[in-house]
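Have a look at this one.
Each chain carries a letter (A, B, C and D) given by its place in the written order, and its residues are counted from 1.
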């Protein structure tokens, strides 16, 4: 079940996932408007964040919930990238948007709900662009590896894995962050593995400490929901941290 | 969270899901070749099965496992339908095949792995064709209802729900069949609900008794993996029953 | 993993669990006072219930919740038995009470939380009294069988197994009723298996339909929380049904 | 749900759980014989382990598996303590042994299977001796807190909590180590929290890395299964590490 013959890093711009230093992807759950994303990008960059995340198309449980503002939001992210130099990461849900993503996005994220979407994974196997493959929220280790295989089989081995918490019987946290998956997936696949402590806990006050634990478990990076005004986030505000706290997490990480 | 104002039935050919009588969808896990599916269809029809199922595109955990024989398999199913008069049910994984399905398939199945595939669900909301929506294997009741809403919101309310077992901590059975979901989903949505005791247990010897329990829980039908030579099935053979046993299940159901 | 060489029934007074007819154990979650339990017993008996249940010592998650009224409550149950002729079933939590239970109780219940309490199980292996062994709420099939083995190994094979729902990721129902466990445990152990649809669903409106499904799955009986004034129950009122509905369930069962 | 007004440490001999430095409890799953436990104790002590663990009474799923060698094993542990000065930790399953434990054992461990054994917890509330309360393998955060409350309510607040992995749908690891529980339980109870990476992963090769992650999550200590000849352990050998590796873990911990 080992995808790669040897450990492999994934390059994104000047950064390298799986290299010497862990990397931080930060940004809001959803891109809300032009000023919001550019403001967050600038401030996150100042604090040392490496890449910018932001939801453009949002997979939401209910069809009546906010679904993201779509392609227009992506143009704002591209602008934020031009201003800050941060490569951008956003989720692809529909192959209809693939060409647009190929042109503008630096890392294509596959969300938890789409980890079993094999036609989507196969299509990403044929492109030349890094893919961030989140673990399905009830995916076994074996299934997650196999989903990475669907991409790698097509020839694209620029895969970054992301542990983001699994479903359990307890509702105290939004998900159950499975940090043991970090060393397991690194060994089983040879790929870089990052951790999402925001979805992994669902609680702002746990993001910092679990970031630290994730890095100790060997994570090659973090993806964190951060906002200049966390309480005003249109989605996931309970798990979104402020820019100051983001800075502390990055500072602590660099100090290690 | 109630999709429909009133209870609703779904018509497929001369049959009506959610009407007075439970209906049985039977057939092999995978369509293997022309003779296999036609032979199974004839014999299942003789035993009283109402619709024919058969996997044409198979979502498999590993990209190296058998993936189904694709569109060619569908032509065999169409032939089996012409011979037996049984409406056909098969799984759609990729919108690229939608037109073909619209022309030839009577019920479009959305498998467990795609219950959160919202672009797919939205596309099915705009067609005029029954959809069999399987429960995701870790989907909550609320998420399952919301996925049905994604379809219904587009205008297509011809939705048949299917409980097929959820993931649990025990590996004795392949999945944990949640029969309580039957009365819950009937009440919450007003839609017909059927049960898949094959995936729901993963064990041939439990299919008969759990079919009986499903009907007692109010199921509007069953979807059962059956084969003329179960032990020779190319996939899911442990949970596939023979034609004789299929006949007994249908006989017992009719007698109730 | 088969405990017994052959299928075995368990006699309680004139009743036989695992015999031709399913049996119903009914009564309140907690014995609240003398009049309450005698009144419920009389009315449940009129409706055809066979045995009387009632909580005397209650294992509660919080030490600050009502813990049952103890030995005094047992004297009221004994009186209810004298009046109605119904054998009584209640939970033993502490071996300190064993002698008292041996003298007065007809079936000693081991609750879900104590399924792994091996010293308790071993002690019950050495007595001559039927034991109702509830499944732990996260017990695998194998663990449940092994717990029954702890009792049987000591020589006491008068064991009635009870499926009462397991823990899952969904909070729509209090527990996930695993009806597939009924045929599995009957085959694996040869012992009678009953179902608790009250704890298994946690919702009053689901008790009737899931009782029906349990019997269709082959259950040898039911244990149901019933009360003359369900809404006034001091514990578990959401899952407690009234006497009229109890009568309907028993009537329907007898008609099968 | 906060047990204590303020954060509290638990003293065991000269050590303090919840103080400035994390502590390591190490030793074999089972005490096998006199020489084994004394040899392990000496070598673990040399490597810097603070307390000695060893199973004397073993709760095993099957009554036919090795159950520990009982009180005799405890005399060997006492001897190992005299030789090395290490306080000893072992599991109490049966109140019949309480007096013996009170006299000889320094920390009374309550295992995962007994977290809901309320009569046992209540009895421990009335003693003056530290209790190591392991989390039930399917216990919610709230239930775990409540079990600690059962002890604290009696007056004994010398409680050390231990996260040891919970049950999940994946069998890749023996349990799912829930490190997020560490900061949560520290905040909710004010008590020291340690982590068991041996049961928490079930795999020897993951013990070191997850120990590091546990400490980063704020754990006040570790309890590790270690043996001079791990492959010869009579129980849990897959998760038992050797003395050299134990030394590395302690060395790394001290360096932090």
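The criterion applied here is as follows: a residue touches a chain if its C-beta (ideal position, glycine included) is under 8 Å from a C-beta of that chain, and two chains touch if they have at least 3 such contacts.
By chain, UniProt protein names: A, B, C, D = 3-deoxy-7-phosphoheptulonate synthase.
These numbers come from a predicted model, not from an experiment.
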{"item": "From subunit D, the most remote chain by mean C-alpha position", "value": "B"}
{"item": "A-D or A-C - the one linked by more C-beta pairs in contact", "value": "A-D"}
{"item": "Rounded Å distance, subunit A centre to subunit D centre (Cα mean)", "value": "36"}
{"item": "Approximate Å spacing (C-alpha centroids) for the pair subunit A, subunit C", "value": "48"}
{"item": "Contacts with two or more other chains, residues of subunit C listed in rising order", "value": "138, 142, 167-169, 171"}
{"item": "For the subunit B and subunit A complex, residues of the former touching the latter", "value": "59-64, 93-94, 96, 113-114, 116-119, 122, 137-138, 142-143, 146, 149-150, 153, 167"}
{"item": "Residues of subunit C that touch subunit A when the two form their complex", "value": "138, 167-169, 171"}
{"item": "Residue ranges of subunit D touching subunit A (in the complex, touch as defined)", "value": "138, 140-142, 166, 168-173, 176-180, 183-184, 200-201, 206, 209-210, 212-218"}
